[in-house]
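Shared between the two complexes below is subunit A, which pairs with subunit B and subunit C, respectively.
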Partner chain A sequence: MAYRVVGRSVARNDVIDKVTGRAKYAPDVVIPHMLHGKILFSPYASARIINIDTSLAKSLLGVRAVITGKDVPYTYGSVIKDRPIFAQDVVRYQGEPIVGIVADSEVIAEEALNLIKIEYEEKEPILDPFEAMKADSSLLHADLGSYQHNKITYPEAETNICSHYKLRKGNVDDAFEKSDYIFEGEFSSQMIQHAFIEPIVAVADADNVTKRITIWSTACNPFVIRKELSSAFNIPMGKIRMIVNNVGGSFGGKAYSKIEPHVAALSLACSAPVRLALTREEVFNLIVRGPGHFKIKTGLMKDGTIVARKIETVWDTGAYAECGPVIARNSGHTAAGPYRIPNVKIDAYCVYTNKNIAGAFRGYGVQEATWAVESHMDDIAREMDIDPYDLRKKNILHYGDEGATGQIVEGTGLEQCLDAAWEAVNRKEIKRKSGSKLMGRGMACVHKATLAPSVSSAIIKLSEDGTATLLTSTTEQGQGATTVMAQIIAEELGLPYEEIYVSGTDTDYTPYDTTTTASRSTFSMGNAVLLAARDIKEQLMIIAAEYIGVDKDELTFEFGKIKVSSQPEKSYTIKEIVSKYYGLNGTLIGRGLYRPDSVPEDSETGQSTKITPFWMYGTQAAEVEIDIETGEINVLKLVAAHDMGSAINPMNCRQQLEGAALQGIGNTLYEEIKLNDKGITVNPNFHDYKIPTAMDSVEIESILIESQQKDGPYGAKGVGEPALAPTGPAIRNAILDALNIGLNHLPLTQEKILAAIEENKEKLEGC
Partner chain B sequence: MLKTFEYLQPKTLEEALSMMKSCKGSFRLIAGGTDVIVQIRSGKTPPDYLISLKALNKELGILEEKEEGLDIGALVTHRILEKSPTIQKEYAALYDGVSQVGSVQVRNVGTIGGNVCSSLPSADSAAPLLILGAKLNIVGDREESICIEEFFTGPGENILKNNQILKSIFIPKLPKNSNSAYEKLGRRKAMEIPVVGAASYIQVDKKTGICLDARIALASSAPTPIRCYKAEQTLVGQSAEKEIFVKAGKLAAQEANPRTSFRATEEYRRSVIPVLVERSLSRSLNRIKK
Partner chain C sequence: MKKSISLTINGTKVDAEVDQNITLLSFIRDEMGLMGTKEGCGTGDCGACTVIIDGLAVKSCIYLAVEADGKEITTIEGLSIDGELHPIQQAFVEEGAVQCGFCIPGTILSAKALLDENEDPTEEEIKKGIAGNLCRCTGYVRIIKAIKKSAKVLQKAK
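On to the complex of A and B.
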């Protein structure tokens, strides 16, 4: 079917505001009489607080409030409620908030910070998750067993394991017995930061008498945060209003509460609006992607058929759970790879350590799991002397197969992705050697589930002039969601795309949406928007029938025009119908609510007939060049072929693929947050923590595979997260191809590459 | 957040010098500020005063070609140097160095004087200036000219006294059949200080191909930017070709004294120094041939 707006790369509807600098972000919020907050963060990773003396700070002119854990003895956290707003005698990571200050200016607040005297008893931090898992390890959270937690978290009381997720399918032990070959591998991924451009900022305007709180923030799931605040402060949700305008990048790092509880506490303490803005350094401690460790064992038959896979993963989540348990679980869905494997056993441990808080990072652990399993796939291929492409081709999931979670594959563009990416990277012959440089090619596949259960709702207001406004709580964080939603409305109602306006999020006015994460917005919110548009259409038909004076059954709707079967020459525009019906003032309100199907997992086996409403698939291929004298690596080309169901806005999709590939290059080659042996971050800034610059960009060929998701809006599903995952292992496998050396521990710095070359000189001989 | 400080802006070099003398409290000079501001923000060295050299362009900002060589005012930015055809053609190592400082934005602001006076072991102009025989023109109670080799005394340290300003840098004209190059190894392609930098200068006898003169200097390889005299000596009198360049590289690595930081380990730096030195020498030679 041919669409008029959907499937076209219309210009983004936020482009002018963003190019001219008019677009408003949380850091731009200024309220009359606004005060400024600052937080004193712990300089130690592990300590006991003996005494806090705030008297000098309190007496400084211009200081309005000083609060500590004693003033707000509340905890928060929607995955595990384990986190104090301000430390309660115990410090569990460097950067733990200890004291909050409100002052007339940020400078005064900072001066006041320097006047606070804290006596700590420093303790030896637990930094190694494997040590933390030992039975005799001291505990970060002695009360873990009594903490509230959500249904998909499996804490082990009296340990540092805040969740142990299990997936059991078939019988791996029997299958290993019968396998012709068994391969094992160990892999790890490092601590990195999201590096969103906009640091974390929040402004709260709260009143201590009425307990009404309004917060402007950089959050990407304001409703989740509202719930966390409601539970922490014991204030009804309706009294809490979260407003999110544009967000300057999130990549999952702005999901869940960040400084919203703190700014709320500060504002309540003085019943005045307070702004709290973190510095870049502070952001580095507050939210990271935690390190991951992977052990994989795979059994295969002689012909390359995979029959069993066993995986043990350890997720170093830092001092508080954040969404670590969800990461352990969600990565578990995917960890066995997008392959047809009858016997799978996965154990994922999410472990507390005295480190920076780990949270979601573009894929909820899928990037890391993909790193491990796809690297392992190429190692297997090499050992068995099979082409890595053939090994994948033989085992990938097809329509009708049962995946590791027990869900039947309903449609997959995976094979198309695999073929397209591999074909594209092999289009030209490569010179395998030139001077001190060796070249190679590699590939990696990914599959990813989205969030379930979840809810999206949307309201469309059709104004008297026939233009429409969408009220939605999907946050625009650079991904282009507002554009896609407007395209869906324009297509469904036949209105000009330019005349559809999309709101920011305001929990007082825009209806519920679970979160803008998990690559779910185009699918879930897209469906809600589609339903709202259809609701409008339904109402239009009723009033049109009344206005024209015919029976509703005689009317048809064709791209913005209402036609009467008995008067084929005539048609009525939406504007005409609406304005005539109401006179000049009146609004139609369309409502859409979408709750995709899903079935909860069995807690012992992780099995479910529908763990997720849809799966996303992709394959990437890389061509690299390595200087064997210096270890320098150049990514010459990246191909990213992904199945997004259908591309509602192809340019948006390509931007996701290209942006993710570049982010993936940094994640793979040089990004790493380094801690010293006391657990202190040594490179918390963009001078010392390297992300790719424009000069590091490479040739990226993006290929859009459109398999048509049957219940997606216009066939669409998601693409944001899976686009990142295969980049790393594709590069790694290309290095393997070039050097005959497999590197298993991220990041693949030139230094590590050179050391590996020097250790494996003999392997290079054949290259 | 930045600590507060008093900002002074003298209009002449003389005024600047007298301000430095009469200043009560700690002060620092600021040129482009790309090092100073970063350092103040990280809380390391909050001075009471910043004395800006910005208005002294007439005295410190001139790039002048003379009969005997090139005079570079301390305030000349990396970008101006990078764009100068003379530097591109005749002082290629310096071009290689300054054109790879940070990004265009940083090069538009950062000055060569600031780069030298920050005296970091990683300064990208330092190794090129060392092999180009640069002289530093320093003013204070009196004006003096010293060889750049005498300038650096430790990481971030130099011989400048509290009442002295670097006025300009002089680079003598290179003799015939000579050329220079600077190789920089970083982790990414821009906004990167060198993991190791290697500069070289050689002069050859066009007929015999014998190396008549050679200088080698390294960045990020010791507590200060250094010359590698032993490596240089092996080259002189030898036929300029890869074999001897490799040997010089190995000697240079022995003369180096790199450290382990979170950017790179000592071992890694040691293993790439010979490669970069050899590549730098080969590039210098190729430039002569062209």
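On to the complex of A and C.
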């Protein structure tokens, strides 16, 4: 069926505001008589607080409030409720908030910070997750066993393991016995940062008599934060109002509470509006993607059929759980790779250390798990002397196969992605050697689940002039969600795309949505929006029947026009019907609620017939060139073929693939948050933490595979997160192809590549 | 200590009393209310705060307001005239160069300073021209295309 708006690369509906500088972000919020907050963060990764003396700071002219953990003895966290707003005697990481200050200006607040005297007893930080897992390790959270936690978190009391996720399918031990070959590998991924360009900022306006709190913030899941605040402060949800307009990039780093509890506490303390803006350094110290460690063992038959895979992963989640347990678990859905393997065993440990807090990063552990398993796949292919493409082709999940989580594959896009990406990178012969440069090609696949269970709701207001406004709580953080939602309404109601307006999030007015993460919005909110549009259509038919004076069954709806079967020459526009019905003024209200199907996992085996409403698939292929004299690597070409289900806006889809590719190149080749032996970040700024600039941009070929997701809106599903995952292993496997050297520990810096070349001189002779 | 300065912002003359140590970025945003200029780092490393001062792209977070005395400043708000987008803005729209948009005002101004100076830049020169403007969303591919396209449009208009 041909669509008019869906499937077209219409210009994003936020783009004019963004090129003229009119788009409003949380840092742009100004409220009359707004005060300014500052937080004093711990300089130590592990310490006891002996004494806090705030008297001098309090007496400084222009200081309005000074608060510590004593004033707000609350904890928060919706995965595990383990985190104090301000430290309660114990410091568990550098960057732990200790004191909050409100002053007339940022300058005065800063000055007041310097007047605070804190006596600490510094302790030796636990920085190694393997040490932290030992039975005799000291505990970061002695009370772990009594903390509240969600259903998909499996804490081990009296240890530092805040969650142990298990997946059990078949019998790996038997299968290894019967395997012709067994291969093992160890891989790791480093600590990195999201490096969104908009820092984390929040403004709160709270009243300490009524306890009503309004917060403008950079959050990407305002309803989750509202719930966390409600539980921490013991204030009913309805009294908390979260407002989010444009978000300047998140990549998962702005999910869950960041500084919202602190700004709320500061505003409540003085019953006045307070702005809290983190510096870039503070942002770097607030949230990271934590390091991951992977051990994989795979059993195969002679013909290359994979029969068993065992994986152990350790997630260094830092001082508080944040969403670490969800990362550990979700990585488990992906970790075996998108292959048909009858016997799988996965243990994922999420471990507390005195390090920076690990949060979601574009894929909840999927990027890291894909790094390990897809690197391991190429190592196997090399050892067995099989083409890596053939090894994948032979084992890849097809329609009707059962995946590692016990879910039957319903989509078909994966094989198409594999074929398309590999074809594209192999179109031209490569010269394998030129001077000191060696060339190679590599590939990697990904499959990724989305969040479940979840809820999305949408309201469409159709005005008397036939224009529509969508109220939705999907936050626009650059992914183009507001555009896709407007396209869905325009298509369904036959209205001009330009005349659909989309709200920002305001929890007082826009209806519930679980979160803007997990690449769930196009599918889940898209379906809610579609239902709301259908609700409008249904109401239109009823009032049209009344207005025209015919039976409703005689009416049909075509591209925004209502037709009567007995009067084929006549048609009525939406505007005509609505304005006639209401007289001069009025709006029609359509409602949509979508709760995708899912089945909870078994806590011992991780098995579920439907762990996720849909799976996302992709394959990337890279062509690289390495100078064996310097170790310098050049990514010559990157192909990204991903299954969109269907591309509601092909340009938006390509934007996701292109942006993810360069992010992936930075994550793979040079980005790394470095801590010293005291657990203090040494490079918390864009000068020392290098992210790709325009000089690093590469040729990216994006290929959109459209397998039609059967229950997706117009066949669509998500794409943003899986787009990042295969880039790293595709590059790594291209290096393997060029040098016959497998590099297993990220990042693959020039120095690391050069050192590996030096070490493996003899291997290179033959190249 | 306050000092009086007099400068031109987007064609309008402005006289103001400013603290000696406030940055031009803070003056533009907090005093003038021109929120299109963004702060990404405050240390001169990201380019979100880029404005044009007497024809040169400058990071306003590491530039004192008092230094701007007597100078001509262009911010993103000064680019579109009479409801018409500037050709660079138009090309960014058409090429799909924008995602979250936070880096975009700064990048567009760097591009403008570049094209005012060099009307037909090579791809390498474009990349260099915006190398100080970090973007985490786009991979720069479409930004580079948009700048190329706007160079052509601007040349034709001459």
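Details
Definition applied: the second predicted complex is superposed on the first by the 767 of 767 C-alpha atoms of A that agree within 3 Å, B and C clash if a C-alpha of one lies under 4 Å from a C-alpha of the other, contacts with A are read in each partner's own complex, and residues count from 1 in each chain.
Here is the rule we use: contacts are C-beta pairs under 8 Å (C-beta built on N, C-alpha and C of every residue); 3 or more make two chains touch, one makes a residue touch a chain.
Please read all numbers here as calculations on a predicted model, not as lab measurements.
When both complexes are superposed on subunit A, subunit B and subunit C fit side by side without a clash. Of the two partner chains, subunit B and subunit C are each touched by A:687.
Shared-chain residue A:602: touches no atom of subunit B or subunit C. Applying the stated contact rule after C-alpha superposition, one finds that A:695 touches each of subunit B and subunit C.
Of the two partner chains, subunit B is the only one touched by A:629; subunit C is not.
In the superposition on chain A, A:184 makes contact with neither subunit B nor subunit C.
Once chain A of one complex is fitted onto chain A of the other, the partner contacts of A:247 are limited to subunit C, with no touch recorded for subunit B. Shared-chain residue A:119: touches no atom of subunit B or subunit C.
With both complexes placed on chain A, subunit A has more residues touched by C than by the other of subunit B and subunit C.
Touch criterion met: A:758 reaches subunit B, while subunit C stays clear of it. Panel annotation: after superposition on the shared chain A, the angle at the CA centre of subunit A between subunit B and subunit C (CA centres) reads 40 degrees, nearest 10. Once the two complexes are laid over each other on the shared chain, residue contacts for A:674 go to subunit B alone; subunit C is not touched.
Superposition on chain A places subunit B within reach of subunit C only down to 5 Å, the least C-alpha distance between them. Judged by the document's definition of touching, subunit A residues 279, 687, 692-695 lie at the interface with subunit B and also at the interface with subunit C.
For subunit C in complex with subunit A, the residues that touch the partner chain are 33-43, 45-46, 48, 75-77, 79-80, 85, 89, 92-94, 96, 98-105, 108, 126-128, 130-144.
Partner subunit A is touched in their complex by these residues of subunit B: 1, 4, 38, 103, 185, 187-192, 262-265, 267-268, 271-272, 275-276.
Contact residues of subunit A toward subunit B in the complex are 106-107, 110, 279, 629-632, 669-670, 674, 682-683, 687-688, 690, 692-696, 749-751, 754-755, 758.
Contact residues of subunit A toward subunit C in the complex are 9, 11-12, 14-25, 27-28, 30, 194-199, 246-249, 251, 279-280, 477-480, 651-652, 654-655, 658-663, 685-687, 691-695, 697, 700.
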